[in-house]
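Heads up, the thing below is written out as structure tokens.
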Amino acid sequence: MTNIGVYISLLLIFGGLLAILIYSLKGRDVDRRIIFLFVLFSVASAIIFHIEFEESATPIVKKVFEFVENLPPESKILISFDFDPAMKPEVHPMANAFVRHALVKGHKLYLMGLWPQGQALMTETIEYVLKPEFPNAVYGEDYVMLGYKAGNEGVLNVIITDFRKMYSTDAHGTSLDSIPLFDDVKSAKDMDLIFPVGGGKPGPKEWILFVGDPGNVPIAPGLAAVVAPLIYPYYPRQAIGLLGGVKGAAEYESELKKNYKEFENVETPALQMMGPQTMAHIVIMAFIVIGNIGFFRARRRKWQEGN
Amino acid sequence: MRRITLIVTAVVVVLFIISWIIKTNTVPEDGTFRPFIQGFLVTFAAFLTLAIMSFLYRDNPFYKFAEHLYVGVSAAYAMSLGFWTTLVGNLFPRISQNLSDWFGVPFLHYEWHFVIPPILGIILLMRLSPKGGWISRWALAFIVGTTAGLNLPRFLRSDFIEQISSTFLPLLVQWQGVGPFFSNFSLAASGQFIAILTNITIFLGVLCGLIYFFFSKEHKGVFGTASRFGIWVLMVTFGASFGYTVMGRISLLVGRLTFLLKDWLGIIS
Amino acid sequence: MTAKTILFILVAVLLAPLVMAQEEAVPDSTVGVIPPAPPLNFRAFDTPYDNGHSISLEWELSADDGQGRNNVLGYRVMRAESPDGPFVERGIVTSGGTSYNDSGVKESDSPDYFPRDHDFYYKIVATTADGSEAESEVFGPVRAVGQWFNARKWPVLIAVGLFTAFTLAFITLARRGKDLYVRPLAGIEAVDEAIGRATEMGKPILYVMGLGTAADIATIASFTILSRVAKKVAEYQTSLIVPCYDPIVMTVAQETVKASYYDAGRPDAYDDKDVFFLTNQQFAYVGGVNGIMIRQKPATNFYLGKFYAESLILAETGATTGSIQISGTDEVTQIPFFVVACDYTLIGEELYAASAYLGREPVLLGTLKAQDWGKACVIISIILGVLFAIFGWQDGVDAFRPGN
Amino acid sequence: MKRTIPVIIVSVVGTVLVLSVFFPPVQTMGEDFSLFFDIIAVFAFFLGGGNLVRIHLVKIYRKRPDWGFSVVTLVGFFVTLLVGLGKLSVTGVTASVTAPDSFLQTIFVNIITPLSSTMYALLAFYVASASYRAFRAKNREATILLIAAFIILLGRTPLGMKLTGWIPEWLSILQIPNLAVWIMNAPNLAGQRAILIGVGLGVVAMSLRLILGMDRTYLGSDND
């Protein structure tokens, strides 16, 4: 049944592309609303008949995964939620995968954020991933939610020398002095690894400039696709590896699934997005090709008229 | 025109109510709200999603409603978060025992100089009054000065010095002489030749890219060749950026459509 | 000596063996528990390159941490003001840790106060789950001393100094009227051409400054180019539309355009309504600018400044209305869309260079030159560094790396 | 007076923060300035909110076109503010402002999330239509750019492997996913680094100009 649906929608999509090609070869312009509808249809049909692919991690993602694997147990890992719902589909799966990986390895988690919206998404991670999947994790002993602070780079410039100066309490108003996780933590330099997850400003770049480099703390950024290429120059010395966009998240998810039996049945939103993603890439590339065919034909015609 | 708007609004209202009823009977229990309210919330979220999407057809009252709601709600959200996390969390425990007790945060100890930021903050708010605009520049100056002072040494370190030393690559990776190089020669992605090619590309790419952005000398001769190679490397860079940006934008659409198809319509599980 | 005293001494002598016996009995209550091996080679020293309110501690792992009986849970860091104590706990390090930084603040009224130039004695206590402990030797005295300069930051300080010197020197040269050469850029030559075309077609010119604020370099560069465009527009007697996103940017843009019209000798042609505030909502702004493009069909569109996601929507609409499009931004993620959809694109720093070239303003010109010299330094360093790396001279490579 | 004092503030604050990196005695002052900055940043949020209320009140008062929508903005604003500043929830006042059962979290999940993420999801449609109507290989540079983009777009999906998985191991760099990884690691890294160094120097130069008081554009014009 599903197979028939897949074939019909594929047929419709490629038929539609062909129609648009013929239409534009005739020198006419397709209304942009038709294009919009077409994109909507192809992505939606790919979501409905969901096709899941196998993913294998590229070296740059594997570096991050293996770094976490090789940390001694009870290492301190900080995850910073520097994103808002507009980036959520790409980077929230990364944050969740990091949380899973850190806790299954028995590391200690510190959650904070430089974006106000990050704090609400932190709550979502704790409620929907951390608590149900790790019922034995104790607040204050295995993880702590520091929450959001205003001030962008200013926040980082303070926590690099003193956490307590910036966060006198956690997000629930408990003094850091009464939280066991902070017994041996003075500043961000005491972290064994930092995952800044985001893609805007402030974000992973600020973490490298204000904490990673001056504090010599390993940074593994989880990035929205838009900024991922910009962070490559920091790899491998200033960032130990990086996850770029939904593909990076999917690779990390599949690596987790491959290595840990307990994650076989957890939600993997990024992996599920790869099917629709592929379909949309094909459509976009087809549009560029079709548009350019029209462009070159028009230019040649002009040229011939000119001669 | 007026009648069409009315008809469309009526249809939307009817669909909204139908969805509300259906969702009320199907939403899973989550403990915070009763199903009746949950059904409304899911329906409302879906309505807002579709209202924004309707902008693709053209600007319309539904889009305007959604956009105006967004502006108001998100401004107040940021204010609430900033108030609780930073004013209550960082300012009050340093300037007032009473305020700290009132808001239930542990008092640290008095630091008299922390009266400066709220004063500057209030000065910043003077921008709201038509006559006090000029004094708000003092607070603006503090913001500009902090950003400049924070950025200067750190950009110089991370984006300049560290980048230079990161480019110090041994060009001949795993070099064991000319003989082994040719006998093991291959275009395998993990092979020695590709590793060497990668390092050479990085070295020449950075060099020629910088030459392209060098404005004190005309691009002629060797300099011209280098800058032409530089622009090609830059164009490949932009191509990569283009690909990633397109990928990112699509992910957002997939995320939203998944919400509509899964959480609202329940077509997929 | 009173009777009371004698009685007391008697009682004390009689009870003494009992008390001692109890003390001896303590180890008996934990029979079978052997204390872990103590941490070795413990030392404490003033934390280098700081303000003098912290002391660093280092030790070697207990033989029972991670190996041996593997029962060490962690280490307690103890501090005292005399070698005999009393020792106060300053912190805990979990097993596997071999260092600790004992620090505090300089305010003496703070509970976290850490005095400078004050003698302290430290010891480290290895702890286990069953409560047995092993102490290191006491180390001390040690005092926290302040340093005035962080010597690990030499490379950064040298870079700051050099770059500041370059900038000041070139700005001074430019102010003295020295002719500093900047190579011509393709995009700039297109500017005049595009304005000419607008005049021929009798259509307006649209100048979009993007979403930046007046503190963004790209926006500041854009003001200079706007000034040039406005002057040409005034000379050719075409019209100019500048929709703004930021109110402060708008006021500066108005001043800029007004001054240019004045320079061109046509102050009467300037109208405040040409440079206006549209909205500061990203998508509403795009919608507004798109509306202007579709209704007024400008002959030329300039997009110069800071652009984000809206770049491709603007460039697309402009391309379909058949305008000549000249763009420039330092926002790397948006450059690709401009390159494929516009006729000319000023890539990244070219935007700064264009503004220095057109404006000939000493400050801009001087900074551009300083940046060029900075880049020349990079080019030379990279060539040297790669040679060092090839010939395996690691010290030469490391010389460029600042510490923490 | 109106322009001198701000310039002095910028210079003093900027200089202290630069020095605090190198000279430990100034370090605490640098940290305090960062904390001041964080607190003032919250007032900037308040300024944003205040501005919003003012603009929309004026719009309603003068009955400008679409003034009805301004009411929506104000209602949304004040309801959220009440709920957020009060930390309200079904069960009373919560400990954390974003507690899972707080009304603010409910507003976030059901209003802010759909609105903000759909706004950006629209871009996918615009990318598609711009691909069809505006992205042209009009010269050699644009052509190189588009080819690289194609390789990345293909290489970042499973399709790339399906198409070129048959290429033998000794030529495996030509498999599209490998080629995409190579482009990211070699030319992309090099190009981004060249840009990064340039832009980084630009930021440094700009900061220097501000601290030295040579650039005062941020003050706006005098009749602001």
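Letters are used for the chains, namely A, B, C and D, taken in the order the chains are written, and counting of residues starts over at 1 for each.
Assume a contact is a pair of C-beta atoms (placed from the backbone, for glycine too) under 8 Å apart; a residue touches a chain by one contact, two chains touch by 3 or more.
These numbers were taken from a predicted model, which means no experiment stands behind them.
Shared contact partners of chain B and chain C are A, D.
Centroid distances from chain A, each centroid being the mean of CA atoms, peak for C.
By the count of C-beta pairs in contact, the leading chain pair is B-D. Chain B and chain D have Cα centroids lying 4 Å from one another. A straight line joining the Cα centres of chain C and chain D is 15 Å long.
Centre-to-centre separation between chain A and chain C, using Cα means, comes to 23 Å.
Annotation for chain D: residues 18, 21-22, 27, 30, 34-35, 37-39, 41-42, 45, 97-98, 100, 104, 108-109, 112-114, 116-117, 119-120, 122-125, 127, 129, 133-138, 141-142, 145-146, 149-150, 153, 156, 181, 184-185, 188-189, 192-193, 195-199, 201, 203-204, 206, 208, 210, 218-219, 224 touch two or more other chains. Of all residues in chain C, those touching 2 or more other chains are 156, 160, 163, 215, 283, 320, 332-333, 336-337, 339-340, 348-349, 374-375, 378, listed in ascending order. Among the residues of chain B, those in touch with two or more other chains are 55-56, 67, 71, 77-78, 81-82, 85-86, 90, 108, 144, 146-147, 150-160, 162-167, 203, 206, 210, 213, 234-235, 237-242, 244-247, 249-250, 252-253, 255-257.
Chain B makes touch with chain C in their complex at residues 55, 59, 67, 71, 108-111, 144, 147, 152-153, 156-157, 160-165, 167-172, 203, 206-207, 210-211, 213-219, 234-235, 238-239, 241-242, 245. Residue ranges on chain C touching chain A, taken from their complex, read 91-94, 96-97, 100-101, 103, 112, 320, 332-333, 404. Taken together, the chain A residues at the contact with chain C in this complex read 29, 72, 74, 164, 183-184, 186, 214-216, 226-227, 229-230. Interface residues of chain C, counted against chain B in their complex, comprise 107, 109-111, 155-156, 159-160, 163, 180-183, 215, 281, 283-284, 287, 332-333, 335-337, 339-340, 347-350, 353, 356-357, 368-369, 372, 374-376, 378-379, 381-383, 385-386, 388-390, 392, 397, 400-402.
Contact residues on chain D toward chain A in their complex (touch as defined above): 21, 27, 30-31, 34-35, 37-39, 41-42, 45, 95-100, 104-105, 108-109, 112-114, 116-117, 119-120, 124-125, 127-129, 131-138, 146, 150, 153-154, 156-159, 177, 181, 184-185, 188-189, 192-193, 196.
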